[in-house]
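Next, two complexes with chain A in common: one pairs it with chain B, the other with chain C.
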Partner chain A sequence: MQFNSTRQGMAWLHTWLGLILGFVLMVCFFFGALSVFDREIDRWAIPETRFDPQPMPSFDNLLMGVFERIEPDEAEYKRMMPEYHDASAGEMTPRLELPADEYWAYTTHRDPVLRMGAGFRVPFPANPEGHNHIHGNTTIDPRTGVSVPDHHLKIGSEWFYPLHYSLNLNWNRIGFFIVGIAGFFMLVALISGVWIHRKIFRELFTFRRHKSKQRSILDMHNMTGVVALPFHFFFAFTGLIIFVAFYYMPVTNTMLEPLHSAQQAIEAEEMGLPHERAGIPAPMASVDAMVAEAKRRWAARDMAGEVGFLQMHHVGDQNAYVSIYRAGSDRVALVGEGIHFNGVTGDVLREDPPHSLAESIGDFLAGLHLQHFEHWFLRWLYVIGGLLGCACIATGFMFFVEKRKQQHAKSGSQGSRIVDAFAVTTVTGMVIAAIAMLIANRIIPSATEGKGDIEKLVFWSVWALSFLHAIWRSAAVALAKTNPAWREQTVLIALLGVVAVIANWISTGDHLIKTIFTDPYWAVAGVDLSLLAGSLIALLAVKKMTATHETERKQETSQKKLATGEAAYE
Partner chain B sequence: MNDAIWLIIAFVLMLLAMGWFALSLKTHWKQVMSGKPASRLLRSLGWICVALSGLACLQADHASMAVLVWIMLSATAAFIVGQVLSYRPGLLKPLALFRA
Partner chain C sequence: MSTLLSFTRQSLGPVVTAFLGGYLFTWGFVALTVTSTVTLGWGFHTAEHTAFLLAFPVFLLVFFWLFLSRKTLLTHAVAYGGGVLMTAASVWLQSMLLAQGA
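And now, the complex of A and B:
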């Protein structure tokens, strides 16, 4: 590649990086925007959990019994047990007889349900130094302690949310790496985009929708990109730093593993928190008393709050300790102000000291992305930011195609036709797949075995079908016209949005009049209203596309007439 | 005063700011009014409103949260003003105060 100027080089970089990674980034932005309200989508999808958020219930009276009921996960046992266990040292312990080593419970100000989990010890471990835990999780109604059945997939927090950072491709964590690479190159795309744009301020408010299609698309691309530039930059950047140490450069688990383990042991010793079990059984003290003490200490520091995360280490051992963290709903930064108690005596072992400046910046950056705070207005602004990002990427695809399709039509190239079909799939197809999943969730009876798996299957199949449809209808692009799949899939979005709202009404009796006025429940009303808003926007887009289609057709006929006229004249 | 009211004030101020920023540009001024805009004056008004909007955000929230609200408001307001200029530029007429 030879460029006459830096700007030309940047344009090349922006075009091709944007095209290839745009498909991934579209998923990150759209499902990221939905993740802002993941818990609310969970409520919509699991009507049994449509009640108000609850504080952490009593540990001694309620949680302890639930923890004792948790079983090690069968799949994880099968997968990890042979790796953790040293067969030469002794018999492999059956799954249900594994001893518990760790309990945790987690809730936020938006969660009616409580997530809990246990980590089970592996007797005769192959690597006694390692973290040899087989896990088991459950979600309960904190008012009664009854588990929410497993076949209920939390579509918001367990499907849309992980989709935006892992694409739900878990094989060798390939999805995490694809998203990481896309996130990194998004920063490059933003910088190169600013570089080639030049008239950042002068054209900030410019959307010439009456000019040519190519012009108006580029205007929209620039506007959505520039107005939300800080949002785009910070979300790509903070998304990267949240995962960088964990997945992308896990030196502490590879090259520096011995150093890392030694450091952990030293830290634990310095903190006075036992790193290992003593091997001496001991009864546990009242955790409720510890919670009361933690709350008292937070209040004394002028930051009264509720418990967000609670963890018991070395369960049933002399060295047991309990860590209690504050729910961070009143601040951006993600800090728990943890207080740690001796599990046997109930004495305070340690209070986490205030974070250093560098740590505080990290807390703030992670917190602004992960949004544990309670601020509904800012949440909606984040959704707008995410959707502006989607609009920016979508118009980027469209511009790529618009710019090339005439030329490709002349030269017989199929390039823009293929790109356009992929664009249809990632823009409208993705929305259809998401709504179809919600509809499936409301149609499949609650007691169905493997309900969540069927919903996932619906999601992927519908998405695949939208791709086939886009390819099937794509011939028009090779003739420099618009792929009718854009319009057809947008019509489908408009219909499905309404169908989803009706399906929710019929299957649960929760219609908008009830969820807004007579018995307000905003989590469900919000999802319903968003679906309807999506339908409305789709409808407006259809109207616009129909008008464009008409002009395109008129031009064509007049051209044909002209051609035949000329032929007759000759 | 109620936090929600401060946030609404912050939003309105940000819309005003973006409106004035837009009108300080000749192309957009012409969509609304004849003549030329007093660019520097309009832009100063815009910056004052951006600052006031930030103060209103600070009234509603802790500083770390207020910064996020402020930045996200600027994005939303700029987008809205851009759309208004494209669909209903007349709505900005009341802001076209100072001609050069």
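And now, the complex of A and C:
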């Protein structure tokens, strides 16, 4: 395509790629912003887990018993066993008889519950060199070892969080690739946006709310884009960096896999960590003693800390070893200062050396995105940055429609109408779907089998309904007016936010006076307050939209009168 | 419908070819960076991290270059050809390294 100037080409890229992929980016930014408090949303959604964060409990006295109760996941067994197993070598091992090979436990400074998992070996593997594990996971109350029921969906960390990087479309990981492409074109849109808006500093302070609607929307689009420009850039970039090696450009896991494997074997030999099982059964040494030794060594390095991740390899074998990683709550970079122990003798096998410069930059970028650090003010800045991204994209949609709807109304084109309906769905519809899911979570009884699946169904159904509503009400846009669905769905957001808070109160007894004053529990209070703040913002938006609607209606009436008068005069 | 088809062909076509050209070039760049730095004695994971940190800046540069260039045929030939050449060179370097017992 030929452009008269680079700026014209950049403007084309910014407009059209921003529009096409903006719908995906809106989902990434909104649910990414919610993911900053995913654990807190989990507490809101699963009242049984509303207690204070706990340190990693005793492995010897509590965790070992829980690990032994974990079963291989039934769905994964059905899906992966035929692929992993070599039928000509021997019979397929029944699911509950698969031998455990690996255990892990993970917690953060925000987790009252403890996530645990096991990897089970597949006897007679088709590819003996491969990682032939069927997995099983559980979440427990670390004070008692009792499991949180599986049908309770962790809405924050298992639904909103993966939505922002995979759209929860898991067929052939298609969601990951859509988000990856959108993330790349977000970088393109940011660079082209900076290129076409040369007066960046001035735009930081420019918002002319009394000018025309189109002007105000463009000012808002520029301002929200510029204010959080470094945030938008590093989030898109670091998001791509996190997945690049696995999904987006798996050079070293496909084409260079032979070299990768050869290097890994050399590294494993240098590290002194057994790569394979010895095949000789052996009892485990005390893991609690290893944890104590790891903590002593971290303290000696002047970085005393708690255990964040613990992994046991080759369980029950003479080659068993235990890797203990430090929780990264006091730093940005995602480093675990791992210490590895012989699982049978309890001796230290190795301490991870400092990373190279390139690896350290990678650790820092990943940590910047995943924010495992304990810094509440910074976490809120992340939320604000994410929401500014949403505002930037939403005003981009609105500007696209405002700029073209008069022209499309005259030519009879449906372009603005369609774009506007999609914009309503991704801006207000998405928020409605998220709150509706939370309300469903509080209304559906805790013991209901498949509760989590029903909540997911509510989410998708409500979102689909919001699209149908936006399409149904979009005729106004074809006449160069505003789609009433914007106002109607915003009213619904204002109502649903309050309903969700009341539903939480009625179903759990945790009202705001209790969670803020009498028995403080900020995870739940924060979600309730955010819902109410959302309602308030929606209410203010409705007021503004009603005023704009009135102005439009008056203008229309006076134009009609003028037209009637002119016709009578003629 | 014809407007949509024409938009797709005339406008999205150049975006797609620039994206694919940029991707292929970056794939070759990453592969060659990893294998050449490992040949020079770098650790595999350091080489891998370095290559992936540079991947998206390179991808973006090539994408913009291909999309905005007036000499479309030449730039695309350089990007696609360069990607294939770098990929081939990295495969050759890998076989050399494996033969040396890397």
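Here is the rule we use: the second predicted complex is superposed on the first by the 568 of 570 C-alpha atoms of A that agree within 3 Å, B and C clash if a C-alpha of one lies under 4 Å from a C-alpha of the other, contacts with A are read in each partner's own complex, and residues count from 1 in each chain.
Note that in this section contacts are C-beta pairs under 8 Å (C-beta built on N, C-alpha and C of every residue); 3 or more make two chains touch, one makes a residue touch a chain.
Just so it is clear, the structure is predicted and the values come from calculations on it, not from any experiment.
**Q** Using the overlay on chain A, decide if chain B and chain C clash or can fit next to each other.
**A** On the shared chain A, the partners fit.
**Q** With the two complexes superposed on chain A, say which partner A:Ile191 touches: chain B (first), chain C (second), both, or neither.
**A** Only chain C is touched by A:Ile191; chain B is not.
**Q** Touching A:Ile280, do we find chain B (first), chain C (second), both, or neither?
**A** Touch partners of A:Ile280: none, neither chain B nor chain C.
**Q** Quick one: the Cα-centre angle at chain A between chain B and chain C, nearest 10 degrees, please.
**A** Taking chain A as the apex, chain B and chain C sit 90 degrees apart.
**Q** Please work out whether A:Phe237 is in contact with chain B alone, chain C alone, both, or neither, and reply first, second, both or neither.
**A** It touches chain C, and chain B stays clear.
**Q** Return first, second, both or neither, reflecting whether A:Thr224 touches chain B, chain C, both chains, or no partner chain.
**A** first
**Q** In the superposed arrangement, which partner chain does A:His375 touch: chain B (first), chain C (second), both, or neither?
**A** The answer is first: A:His375 touches chain B but not chain C.
**Q** Looking only at contacts as defined up top, I'd like to know whether chain B or chain C touches more of chain A.
**A** With both complexes superposed on chain A, more residues of chain A are touched by C.
**Q** For A:Arg331, using the defined touch cut-off, is the partner it touches chain B, chain C, both, or neither? Pick first, second, both or neither.
**A** Only chain B; A:Arg331 stays clear of chain C.
**Q** Return first, second, both or neither, reflecting whether A:Arg209 touches chain B, chain C, both chains, or no partner chain.
**A** first
**Q** If you stack the two complexes on chain A, which partner ends up touching A:Leu562: first (chain B), second (chain C), both, or neither?
**A** Neither partner.
**Q** Looking at the superposed set of three chains, what is the minimum CA distance between chain B and chain C in Å?
**A** Checking C-alpha atoms only, chain B sits 19 Å from chain C at its nearest point.
**Q** Please name which positions on chain A make contact with chain C in the complex.
**A** Result: residues 1-3, 6, 9-10, 12-13, 16-17, 184, 187-188, 191, 237, 240-241, 244-245, 249, 251-252, 255-256, 258-260, 262-264, 266-267, 356, 358-359, 361-362, 365 of chain A touch chain C.
**Q** Which positions of chain C touch chain A when the two form their complex?
**A** 10-11, 13-15, 19, 23, 26-27, 30-31, 34-35, 38, 43-46, 48-53, 55-56, 59-60, 63-64, 67-68, 70, 87, 90-91, 94, 97-98, 102
**Q** Enumerate the contact residues on chain B facing chain A in the complex.
**A** 4, 7, 18, 21-22, 25, 27-28, 61-62, 64-65, 68-69, 71-76, 78-79, 81-83, 85-86
**Q** Going by the contact rule set out above, which residues of chain A touch chain B in the complex?
**A** Going by the criterion above, the answer is residues 202, 204-209, 223-224, 227-231, 330-333, 364, 368, 373, 375, 377-378, 381-382, 384-385, 388.
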